[in-house]
Structure formats: C-alpha cells, structure tokens
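Next come two complexes, and both contain chain A; in the first it sits with chain B, in the second with chain C.
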Partner chain A sequence: MIEVKNVKKKYGRKQILKGISFTANKGEITCLIGINGVGKTTIMKAIMALTPINSGEILIDGGKIRKESFEKITFIPDTITMPQQMKISEAFQFMADFYKSWNPQRAQELLQFFKLDENDRIANLSKGNTAKVNMLLGLALDVDYLLMDEPFSGIDIFSREQIAEVFTSHLIEDRGVIITTHEINDIEHLIDKVVLIDEGAVLREFNVEEVRENEGKSVVDVMREVYRG
Partner chain B sequence: MKNYLKLVHFEVNRFFKMYLIVVGLVIVSQLIGAVVESKEYLKNIKRTLLREQYSFSEYLQEGYQAEPFSQFLNSGWVILSVFMCVVILMLYVFFIWYREWFAKNTFIYRLLTLPTSRLTIYFAKLTAIMLLVFGFIALQIILLPIEHQLVYWIIPADYRIDILLTEAFNFVSLGGLYPSTFIEFILLYGIGLMFVAVLFTAILFERSYRLKGIFFAIVYSVLSCVVFISPVVLHFVSEGYFYPLEILSLLLVTGAIVLGCAIWLATYLLKYKITV
Partner chain C sequence: MDVKFNNRDPVYVQVIRHFKEQIAKGYYVAGQEIPSRRELANQLKINPNTAQRAYKEMEEQQLIYTEGNLPSCITKDEKVLKNVREELIIEAVDLFVGSIQSINVPLSEVLELVKKTHDAKSGETEESK
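Moving on to the complex of A and B:
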C-alpha cells in the first residue's frame, strides 16, 4: 500500500499541497483527478522522492522510500525518461543493466503489442510512439506499484485505445497503479478508486464500485457534484 | 560498485563522439602548427640572412639560432588547443548535470529512480570528468614527441638549438599539467578533483533550491575556496612562521575537508532536496 499522509508543499510562497492524504492499494487502479496545476504531478514526484516535501509522510508498504524501493515502484512521467539519441533497444539494455526487476520478455511482448521497432531512435518517434515507449519502460519492470502521469495527454485516439487496453490486460493485474488525469472518459470503466483533488487538497476519496452500487452515480456524476455543487 | 562502473561507462560514452571531435581538432591544429611554425622559422632565417647580408657561418657566429620547438610550444597552435580543451571540459562540468534536466528529455527522472545510491551518479559523473581530463593529458603526452620529431625533421640541425623532450613537459603553455613527482601529482589532480566536486555540489544547490540556490551555490563555493586556501593566508599572515612542507600538509588537510564537505552536502541534497 502507498500511504500519503498529510503532505504539505510550498513552491516559493505558493502552497501547492495543503495536507494531502490518501492511500492506494496493490491490485487497484487509483485515479487522481483534478484540473491542471492542482498538484497531481507534484504528489507523484513526492512519492518518488523527486521533490522534497515540507511536512507529512509518504510510506510504501509501511516504509519510507529507499534505493531498493525503486525495484518495487516506478514512475512513468509525461515526458520520455531516456536520452533522445538512444535507440529503443539501447534503452532496453540500459534498463536491463540497472534493474533486477526488468523483464525482457515482457518488454518484447509490449514492443509487439505497441507495434514499435526496437531499432528506431527515440528522437525520431512520433509523440504517440514516444509515449508508448515511455509507458513500455515502466510496464516491463516487475514492480508492485506504477505511477502514471497523464498517460493520455496529447495522444491520438488509436494510441489512447491501445494504452487503455493495457489497463485491462495482465500487464496491470495485481499491481497497484496510481494514475493522474483530467480526462476521465477514457478510463472511467477501468478505475477502482478515485481521489478528487482541488487546490492542493483532497475533496473526496471514494471507491467507484461502491458509489455506483450505493448511490447509483458514475465518477463524472460525483465530480459534477463536488466541483459544481 | 558494478552500477558505478556501468554509469561511468555510460557517462563517458555519451560524450565520446564530441570528445573524439575535440581530440581530432587538437591533433590537426597541433600538427599543422608544428609544420607552419617550422616553415616560418626557416623563412625568418632566410630573411635575416638577406637583410644582414650574412653568410651562413656569420649567421651562426652572431648566435641567431633560436629554439624552434619552444617557439612552437608557445605559439597559438598549442596554447589555443590546450585552452580549447580546458574550456570544453569546464563547460561539460556544468552540461553533464544540466543535460539531464533540459532539452526534450528528462533523463534525470530515470537517473534518480535507479535502484542504486544517488551518490553513485555523482561519483560516476565526477569520474567521467576526470577520465576525460586524463584522456586529454595522455593525448598531449603522445603528441609532444611526434611534434618534437616533426619540427626537427623540417629544420636542419645547424639552424636550431635543441631542447630535450623532457624540458617540453615543463612548458608554461602546457599549464604545468605534468607533475614530476607523485606528491605533485596528488596535489595537482587532487585540487582538480576537489574543484570539480565543489562545482558539482554548487550545481546541486542550484538544482535543489533554484533561484535561491544560486545564492547558496555562490556562498558555498566562496567558503570552500576560503577554507582551502586558508593555510596560504596563514603563511602570509604569520610571515613565514611555517615551513613550506607544513603549509603543504595543511593544504592537503584543508583540501580533504573541502572534498569531504562537497561529498557530504551532495549526499544530503541528492537524497532530500533535489527537485526535478
């Protein structure tokens, strides 16, 4: 379980996170929803120790993040995390060199699924294909938790479908996923849990299935209620 | 350790193409320089003979011969090429960090989430810089005898005063890059290593605190310099109370302190303060 407890963060004088708390379980897809600039990306960076927090605590399976944790949790940001001049095959080699949890068979499988050529240079890929490679580098790690920042932004409809397909496949099963988005439509039917965020605070945290059963509302219904009401 | 070596290999590889281009430029400019300077030297002799209406034996008696190899070493061909290497490496000290943040990719995300200590990245980059420095120095060691031969091959023995190759290594234009004793080696390259480590930590200050970080970086760098050279200041203040060897020992101590602090601060910044 990933536990985010009362996390506060300032950028200069601006308070970006005002005491955010939520949890994300293994085997569930947790979606952080909020408009741009509410601190979704900052939360993910804070979980990965890529930006300092002013107060609060973040625990992964009960412990603070350590170097060994990076075999268990990975972050897929919205930009490619490999040097542009690398070929896809070289990026694979790099991952295999450093991560014990790198799964080369799965990488090949994903390569075919996304219809990518491993001899292509990252610099020459289209935006959609770059996003796919980026996603592939995270998905081919045998980690327990995946953090994905806006996996659908700026990507054409067919690539979106392909990426959405990944969520229903065995590639995601059993893992804990935290995903941020401001376009819920593509993945509404996939997510287990929603954390609505606005202005650095959690407005509501709910289980999609429960709300659907008990209140008969969809995610969008709840969002409308929370943001407009 | 294994990850450290892999990262060093990776870092060196990334700069290697650019490095080879610079190496090529140095070789070409110095070899062309050796030829051009030698021809120029011969032309000058001819001019002198004509102007003074000397015969060659008179020319020799008047002691007009010079040291063409020294002249070559002091020429722009050598000085500028050495200077170019220094400038490029200085720039690369900064670029080796900033390239991870800027341009289209954000490789820093990957580097900082490798399942290895973040200090390993710092050491790998530090090692890469030192290897590139040693590479240039080795290149110059190889080039000097070739140029020495080339100059003396173009200019006949009677027209010149020879200098030994070993003397060439002490030339100012080579910036005293070639220490003659082990202590000097440690001192020279130890200072170099410390200098790069301090710059790296200063860069990490900027990367951690951004605008405020620039201020911290400057204060930190100045403090490091002050601590390091304090024995020299002491030497002047005490008007020679200490023996040179004692000052040297003190410099080794303050140098070790500065290097230690740089690494300790880098550990802290990379672990708790770095912002991508």
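Moving on to the complex of A and C:
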C-alpha cells in the first residue's frame, strides 16, 4: 500500500499541496483526478522522492522510500525521458543496465502487443507510438507499484483503447497503479478508486463500484457534484 | 463478446446481467465452462477485480459453480436456469407496462402495436442474417 499522509509542499511562496492524504492499494487502480495545475504531478514526484516535501509523510508498504525502493516502484512521466536518438532496442538495454527488475520477456511481449519495431529510433516515432514506448519501459519492470502521469493525453482514440486494454490484462494484474488523468471516460470501467483533488487538497476519495451501487452515480456525476456544487 | 456498459450501475451487476441474458438466450447451457476471471476481464475490458466480484456474486446466487481449481461452470440446476429466463421476462414486462401506464394507453391498442413491431423487427433481423 502507498500511504500519502498530510503532505504539504510549496514552490517558492506558492502552496501547491495543502495537506494531501490518500492511500492506494496493491492490486487496485487508483485514479487521481483534477484539472491542470492542482498538483497531481507534484504528488507523484513526491511519492518517488523526486521533489522534497515540506511536511507530512509518504510510506510504501509501511516504509519510507529508499534506494532499493526503486526496484519496487516506478514512475512513468508524461513525456519519454530516453534520449531521442536511441533505438527502442537500445532503450531496452539502457533499462536492463539500470534496473534489476527489468523483465526482457515482458518487454518483448509488450512490443508485440503495441505492434512496435525495436529497430525504430525514438525520434522517428509518432506521438502515439512514443507514448506507447514510454509506457512499455515502465510496464516491463517487475515492480509492485506503477505511477503513470497522464498516459492518455494527446493520443488518438485507438492508441488510447490499446493502452486502456493493458489495464485489463495480466500486465497490470496484482500490481498497484496510480494514474493521473482528466480523460476519465476511457477508463471509467477500469479503475477501482478515485481521488478528486482541487487546489492542493483532496476533495473526495471513493471506490467507484461502491458509489455506483449505493448512490447510483457515475464518476463524472460525483465530479460534477464536487467541483460545481 | 461486446458489452456496452453504462456508467451509473455497478459494473459487476451489469456483468451478471450479461451472463443472465446469455443463459436466457441459450448461449450458455447447463454445466458449460465459462471464461476465467482474467479472460473475462480482458474480453469485456473491465478491471480484473470487477470480474472477480461478479463471479463471487454469481456463485452466491448459485448461477455458477467452481470445484477446486477447475474452471467455473454454469449451474446444472435447471430450476435456477429457468428462473433466470423468467426473471428477465418479468423485468422487461414490468418496465414496458410502467412506461405505457405513465402515458395512459389502453392495453388493446398497445398489444396490437406490440405484435406489429415485434413481427417487423424479427423480419429485419432475419434478413440481416
């Protein structure tokens, strides 16, 4: 379980996170929803210890993040971080050199699933295919937790469907996933839990099936209530 | 298998309904093996946890059974299967009668129209096959 407890963070004088708390379970897909600039990416960076926090605590399976944790948890940013001139196969080698948890079989499986050619250079890929390679590099790690920042932004509908399909497969099963998005429609049926965020605070945290069952509301219904009400 | 899910009913409830429809249609028969939870999640594009929940619920309703590590199967209890079909019919009729009554249409007028529409629609699906 990932526990985010009362995390506060300032950039200069601007308070970005005003005491964020939520949990994300292993084996579940947790979705952080909020408009641009509410601090979703900052939360992910804070979980990965990529940015210092001013107060609060973040625990992964009960412990603070350490060097070894990066074999257990990974972050897929919204843009690819590999050098553009690399071929996909070279990017694979790069990952294998850095991570013990790199799983080459799974990387090959994903390559086929996304219909990519490992001899292509990243610089020559379309936007959609670049996003797929970016996802692939994270998914092929044998980690317990995956953080994905806006995996659907700026990608065509078919690529989105393909990426959404990953969530229903064994590629994700049993892992804990935190995903940020504002394009909830593509994945409404796929997620377990939603954390609604606005202006650096959690407005509501809920299990989507429970809300459908007890209140007869869709995720969008709840969003409308919370953001407009 | 293509199922259109709505966003307001629990997905697991909609999955169970889908199974009941397949049973009523005769697509699934007594004792037939059904997809594993993982396969179902993949086919219907849903979360594996939701597939698990639907199967658990169907087991409790005795619509399906699982013996040990074997794949789950549709119940062999003919009574349960018959009830599924009846349940769906009654549900559809209730819904229909409710919407007809709300606009005060006499039954005789409706029945004639139902028959006509039904015949026309069956004709259409026959042709498109």
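Note that the second predicted complex is superposed on the first by the 229 of 229 C-alpha atoms of A that agree within 3 Å, B and C clash if a C-alpha of one lies under 4 Å from a C-alpha of the other, contacts with A are read in each partner's own complex, and residues count from 1 in each chain.
Following the convention adopted for this analysis, a residue touches a chain if its C-beta (ideal position, glycine included) is under 8 Å from a C-beta of that chain, and two chains touch if they have at least 3 such contacts.
These numbers come from a predicted model, not from an experiment.
Engineer: Let's test your reading of the overlay: on chain A, do chain B and chain C clash or fit side by side?
Structural biologist: With chain A as the common anchor, chain B and chain C both fit in the superposed model.
Engineer: Identify the partner contact of A:50: answer first if only chain B is touched, second if only chain C is, both if each is, neither if none is.
Structural biologist: first
Engineer: Using the touch definition from the top, say if A:157 reaches chain B (first), chain C (second), both or neither.
Structural biologist: Neither partner.
Engineer: What angle, in steps of 10 degrees, lies at chain A between chain B and chain C when each chain is taken as its C-alpha centre?
Structural biologist: Computed angle, apex chain A: 160 degrees.
Engineer: Quick check for you: in the superposed arrangement, does A:82 touch first (chain B), second (chain C), both or neither?
Structural biologist: After superposition on chain A, A:82 lies in contact with chain B alone.
Engineer: For A:35, is the partner it touches chain B (first), chain C (second), both, or none of the two (neither)?
Structural biologist: neither
Engineer: Which partner does A:68 reach: the first (chain B), the second (chain C), both, or neither?
Structural biologist: first
Engineer: Examine A:216 and indicate which partner it touches, taking first as chain B and second as chain C; both and neither are also allowed.
Structural biologist: Second partner only.
Engineer: To be precise, I mean the smallest distance between any C-alpha of chain B and any C-alpha of chain C in the superposed model; what is it in Å?
Structural biologist: So the smallest C-alpha gap separating chain B from chain C comes to 28 Å.
Engineer: Taking the stated contact definition, name every residue in chain A that is touched by chain B in one complex and by chain C in the other, in rising order.
Structural biologist: Overlap of chain B and chain C footprints on chain A: empty.
Engineer: Going by the contact rule at the top, pick out the chain C residues touching chain A in the complex.
Structural biologist: Chain C reaches chain A through residues 5, 7-13, 38, 41-42, 44-50, 53.
Engineer: So in the complex, the part of chain B that touches chain A is made up of which residues?
Structural biologist: Residues in contact with chain A: 3, 6, 10, 14, 103-107, 109-110, 112-118, 208, 271-276.
Engineer: How about chain A: which of its residues touch chain C in the complex?
Structural biologist: Within the complex, chain A touches chain C at residues 27-29, 164-165, 167-170, 173, 188-192, 209, 212-213, 216-221.
Engineer: Would you tell me which residues of chain A are touching chain B in their complex?
Structural biologist: Touching chain B from chain A are residues 45, 48-52, 67-71, 74-75, 77, 79-84, 94, 97-100, 122.
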